[in-house]
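Heads up, the next two complexes both have subunit A, just with different partners, subunit B and then subunit C.
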Partner chain A sequence: MSGSGAHNTSLADRGDIRMSPSAARVLSAVLLAIGAVCVGLTLVLGLTTGDKTVARQALASYHVGFLIAIGFSLGAMAIVMILHQVNAGWAGLIRRQFENVMSLVWPCAILFIPVILLSLLGDPLWKWMDPEYVAGDALYDHKKPYLNTTFFLIRNIVYFVIWIWLAHSLFRYSTQQDLTGDKWLTAKARRMSSYGLLLFALTTAFAAFDWEMTLDFHWFSTMYGVYFFAANVGAAICLVTFILLMLRRSGRLADLVTVEHYHDLGKLMFGFVVFWAYISFSQYFLIWYANIPEETMWYQRRQADGWGTIAIALSLGRFILPFILLMPRPFRRSPAVLAFASVWLIGFHALEVFWIVRPQVYDPATYEPIMLNLLDVAAALGPVSLFLGLLVRKIASGPLVPLHDPRMDESLHHKNYI
Partner chain B sequence: MSSFNPDERTAQRMAGGQDRPDAERPRDPETIDGTIIDDPSVRPPLVLGDRDFHSVTETICGWAENPAPKWWMPAFLISSAVSGIGTLMILYLIITGVGVWGLNSPVMWGWAIVNFVWWVGIGHAGTLISAILCIFKQKWRTSINRFAEAMTIFAVICAGTFPGIHVGRVWFAWMLFPIPNYNYIWPQFRSPLLWDVFAVGTYFTVSLLFWYMGMIPDLATLRDRALKRLHMKAAVGPIEIALGKIRAFGYGFFALGWRFSSRGWLNYEKAYILLAGLATPLVLSVHSVVSFDFAVSILPGWHTTIFPPYFVAGAIFSGFAMVLTLLIPARELYPGMKDFVTARTLENMCKIITLTGLIVGFAYAMEFFIAWYGGNVFESEAFIIRAIGPYWWAYAIMFSCNVLSPQVFWFKWARTTPWFIFIVTIFVNIGMWFERFVIVTTLSSDFLPGSWRYYAPTYVDVLTFVGSLGIFMTLFLLFMRFLPMLAISEVKNVLPQADPHGHHGSESGDGAGEKNGKEGAHG
Partner chain C sequence: MAEPRTDAPIWGMTAEYESPAAIYHAAERFRDAGYAKWDVYAPIPIHGIDQAMGLKPSKVGWFVAVGAIVGVSGGLLMQWFMNAFAYQINVAGKPLFAWEQFMPVTFELGILFSATMALLAMLTLNGLPRWNHPLFGHDRFLRVSDDRFMIVVESKDPKFDAEATRRLLEECGGTHIETVVEE
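The block that comes next holds the complex of A and B.
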């Protein structure tokens, strides 16, 4: 630790590396209250009207909220493991925020329980769980070894066990290092990230199948896991950039996380905007070109009526506009532009998850789509707001940066020459 | 360097002195050559052997200036003889027709497309190393980027020959380009084969520009040194003087009047990062378009949405393997190269091979799962026939070489032992060739079982492929002989001496930098 000792001691003594507890208490209380109210509203509006379609709509949008929340967490987990794997030096100062977001994978497991319970007990969100609906469906009969409730539950338990274990261990290595200063914890985290990424890739791909793709169980796409990954990593980068910018606004980390780090976060944001566009375009394009009904039906529903407008809005708002906005170097180095871009992109990410999940809810009599309304907003905001409320508490619970990262020097002196 | 007054050491070396031998480093089981360091607080050195700027220039230029190593001429003769065989086979094909190949219904695409995709894939490593790793600020890439880019360009040249000759009537190949002609026949813009022409053409152009532009300062160094040698050896004889003049003129011509001025370097760095930015999407787009050749069709086993990223990962996988296949022998054969291409460099490349191999394995798994899950009988049958049908052996080779063999790199010994890495990279090269073979031979069992036919290549197929290896090696040997194999100026940039602030030095200087950064943000 010889070379970096001086910096690290001073880092721990600084006053601006912790979030103000009072502000955190207020903010998290507000967010948790909004979340609770929204979940309550969803329950009241969704379950008490007695209209099966409205209940389904509420459940689907709650599921959207859950997917947005866990998307942040999984995206951050991928980033943390990648940063460890590539021995990143520049990211020492920003890694803790990714770790905070990652560590909230367990509340997401709890947020998911209502979706599963309501699907098992009432009208299922997954049509294939409904024995009446799938009766005589040859495709379902073929897929039954995979699409049955028992295996579905086992798979979900396996995913969450693996993720909670990875998130917990990686978070613990990092926070233990704050206390002990043991540099070998970094090596341990690196080792875990190697097989961790392998487990992560397989579990998230199948989780994407289970949570999104099998909502329309006739449809399939080999790309779907990558699509899920691309969207969520991008969203996690936006969330962490926004957190850091808000901390900077409140006078935290001001001369630690400099414009140089924001510049690199901006590059990553830009990179994932393009990567998302590449993946989602490739998926769409191959299906469009081959024009096989069993594949096009998924897009057919999402291109028609109001969903078609959203599809166009997504290509503009989630790719073309941010692509242009984040292209000039001064913009990637501007906190204001980055704050705007991160909120904008998270908004469009949320809209995309709606666009993926919600078209599965339609008027059963006429097959007409049911467009988004306030119920959807409340239902999705519930889990997201609860997640953010817990996240604020998590952020306030410890130092905002790792205190004894062995490569902290590199991060403190990080610079982009070009 | 731009000065014409050789210092004493240079003069001695130029007077026939040998470059210093490889630093005698005992192989340490833990750190190998001192660069495999687990300690996260230590950054391993990028260049070994206590080198200064001068010795970097001396060593790298020496490879191009000293008499060719003994193995070079035989290797060159063999390679060019092999490439001659390939050229004869192409001539035979053009004169006789594509019937000399093993193609027949239902396998209308055979080795030509396999070879094309294999070579284009190999051609991905260079741009990935120079562009993407440059954007990610991976300094270890500086010692291999020139080498890998050269390999990229030669691989794309080999790739480009196959679509050109597989059209059958080669004299109509120009119709691939949107050139107006008297019949008003335009290319079919909805065909991915046409997109290939543009994708590969753009990739080749940008890669070539990137490679060449990065080489300009080093060519200028070689030019200056060639002139110096001319001055020093003025009395040797008329032939050598003539050769020296040609040499100086050649390097000088391509150095475009580079004078090592700071204005030049400023433009150079701007151009480099711009080309890196332009080349980065190309790394993804080229093989995505190549994958479209297959994936836009509605053939079982070909039409699947994961193809674009899966092909890109496979391309990087095979490209890195080919770089290592060439780099490991070169590292042994050229004195001093181990100082630049350290064990750490090889280890990093092995890790990328394992990563991309796993991505490829992930794609195989997804394909198999969805082939079953999709419920399309033709799709799942296509995959079953791949795995246990008449080409089961090709599938087995593909799977074991691509997914299993790189798993050895989870063990430190395997990824730090050059001869072992070399063997694994050969496996990877073979595996990736067979991956394309497996995809193409899916055609042999098409929708009508009555027309199923086992596809086998003819000797012309085989020798054309071997010939393309010869063309590749010939070009590569010429590159090793005459051009700076490592990026001299970039390697100098990562030497500790190049950083005036030092790693742990002057905090004040860095603090000022941070302040500037903040001002920039507010302003």
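The block that comes next holds the complex of A and C.
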């Protein structure tokens, strides 16, 4: 009802809107070191043993780590553009953390280079890149105009150029406003988000096809792009909620980002839990019902050799348990519950990416089924840890909230009435 | 509109306010004074009026939960009874009781029962439907859909006292304090 006096001083003058530089240095150094060690171990263990199976396993799990990292980035990009598009006043105080995650799309491009190079030079992660493997494959011949190495590379360059351009521009609009206070930058960001969302939807859908779906190039699912989107936006919301809660623990933004903002993040988290379940069940259900061999084989592979246990764990851990946990209003307003839920959901998101990618890299007919082992964990942890290390540096590099957002007053006095 | 009977017992007391802020602070006074059977009427939604009035969270959610559980379990039970027990149908060689194919109907019945329960619980808890309301016999009440904000205290309220309540309504800035009689 009434403006509180605490916020009358300018945001820029406050002491608690920047991360402590020493803490950030230590944390990012630790994360980057873990990442570097893991990537190094993966290279040594996976690529120098001379065992083709182990090399494929290492490459696939590294790809899993890359997918988790860029998933955060792309999910955050979607949220930033949606917040701009709907002119979301309440989100002014939390938007900067989404922007920080979004802006790390370019290191993800670098993290992707090893996957591409090793696939081009050695045993490809994507079986269709192997001319011997696809020789005489009628289904592949039909897809060849789209699914060939040259066009694959061109597409990936196009995706990354578009994403880096969008992320860089939106991030610059926001940080320039911190310096100049120019309110028109908000309008520019909003305009860019309109066509940006369209470009984003098309590029991420095709990237999902290219990176995950065509690992099994006989298989196809038209809703795979939405499935990828649902999982990654949910993961990005969890990551940002966790970042904000950790900042709160260290005494940052304590009276700025309040339980009212966490409540809304909790609602978004709950929403994307349900959305993910809806999309992944629909995809499964349609394929199960139609019962066409070239569609069902993807699920068949993921229900055999122990992967079925993970599938059941996913439906419980990524849907039923968080659905119940985030249902009561007091739980969505509890920082402790939200911190637990965000870590839990990111863990199950990672397990899901393993479940999507890893069953594909061994041939059940010729190899012993390999379940996840330490090599998988190390290989996936490498890119994720590097990503998080860079993210900590990014968070510490500027103010934790936009300083001159024209809608900031609405965010400062945000309340949930329902 | 019929003239109200003058000999009828008092149903409640009304007071008018000019602005959302005025009625917000008046509502806080009534909440703190411990009134239970009273309400605020306004032509526009007032953010935070629930807290100012000290309203407890709605009970409708519990009825919806019951509706959801009945809908989901009833939907599953119905399909099991129809397709797997009483009249077994073999659909493309799938198991008689395959949870996948029963999900859409189960989900829809869960939604249907939840939504129906939400509507019925909302109407019941609001005391609806009813033919008439004593406030409809009060001419000035029409203005709460136009430009006035109104607090109405029912005489059923244990704290209701014709003198004390009138004084409290006046103290927090109310004008046109009038009594409303039973219909």
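Basically, the second predicted complex is superposed on the first by the 404 of 418 C-alpha atoms of A that agree within 3 Å, B and C clash if a C-alpha of one lies under 4 Å from a C-alpha of the other, contacts with A are read in each partner's own complex, and residues count from 1 in each chain.
Keep in mind that, in the parts below, a contact is a pair of C-beta atoms (placed from the backbone, for glycine too) under 8 Å apart; a residue touches a chain by one contact, two chains touch by 3 or more.
Here the structure is a predicted model, which is why all the values come from computation and not from measurement.
Three-chain overlay on subunit A, with subunit B and subunit C in a clash. Judged by the touch definition given at the top, the superposed model places A:Tyr289 against both subunit B and subunit C. After overlaying the two complexes on the shared chain, residue contacts for A:Tyr146 are found with subunit B alone; subunit C is out of touch. By the touch criterion defined above, A:Arg14 reaches neither subunit B nor subunit C.
In the superposition on chain A, contact is made by A:Lys415 with both subunit B and subunit C. Between subunit B and subunit C, the partner in contact with more residues of subunit A is B. In the superposed pair of complexes, A:Ala201 makes contact with subunit B only, with no contact to subunit C. Contacts of A:Arg190 after superposition on the shared chain: subunit B is touched, whereas subunit C is not. Of the two partner chains placed by the overlay, only subunit B lies in contact with A:Tyr262; subunit C stays clear of it.
Once the two complexes are laid over each other on the shared chain, residue contacts for A:Arg329 go to subunit C alone; subunit B is not touched.
One listed stretch of subunit B collides with subunit C once both complexes sit on chain A; from 24-32, 240-248, 384-392 or 492-500, that stretch is 492-500.
According to the touch criterion, the shared surface of subunit A, contacted by subunit B in one complex and subunit C in the other, consists of residues 1, 289, 291, 415.
Contact residues of subunit B toward subunit A in the complex are 38-41, 43, 135-137, 269-270, 273, 281, 284, 288, 292, 295-298, 303-309, 358, 362-363, 365-367, 370, 373-376, 410, 503-504, 510, 513-514, 517-518, 520-521.
Those residues of subunit A that touch subunit C in the complex are listed here as 1, 281, 284-285, 288-289, 291, 329, 415, 417.
On subunit A, the positions that touch subunit B within their shared complex are 1, 3-4, 86-87, 89-90, 138-139, 142-143, 146, 183-184, 186-187, 190, 194, 198, 201-202, 205, 220-226, 255, 258-260, 262, 267, 274, 278-279, 282-283, 286-287, 289-292, 294, 333-335, 406-407, 409, 412-413, 415, 418.
Per the touch definition, subunit C reaches subunit A in the complex via residues 21, 24, 47-48, 50, 52, 57, 92, 94, 100-101, 103-104.
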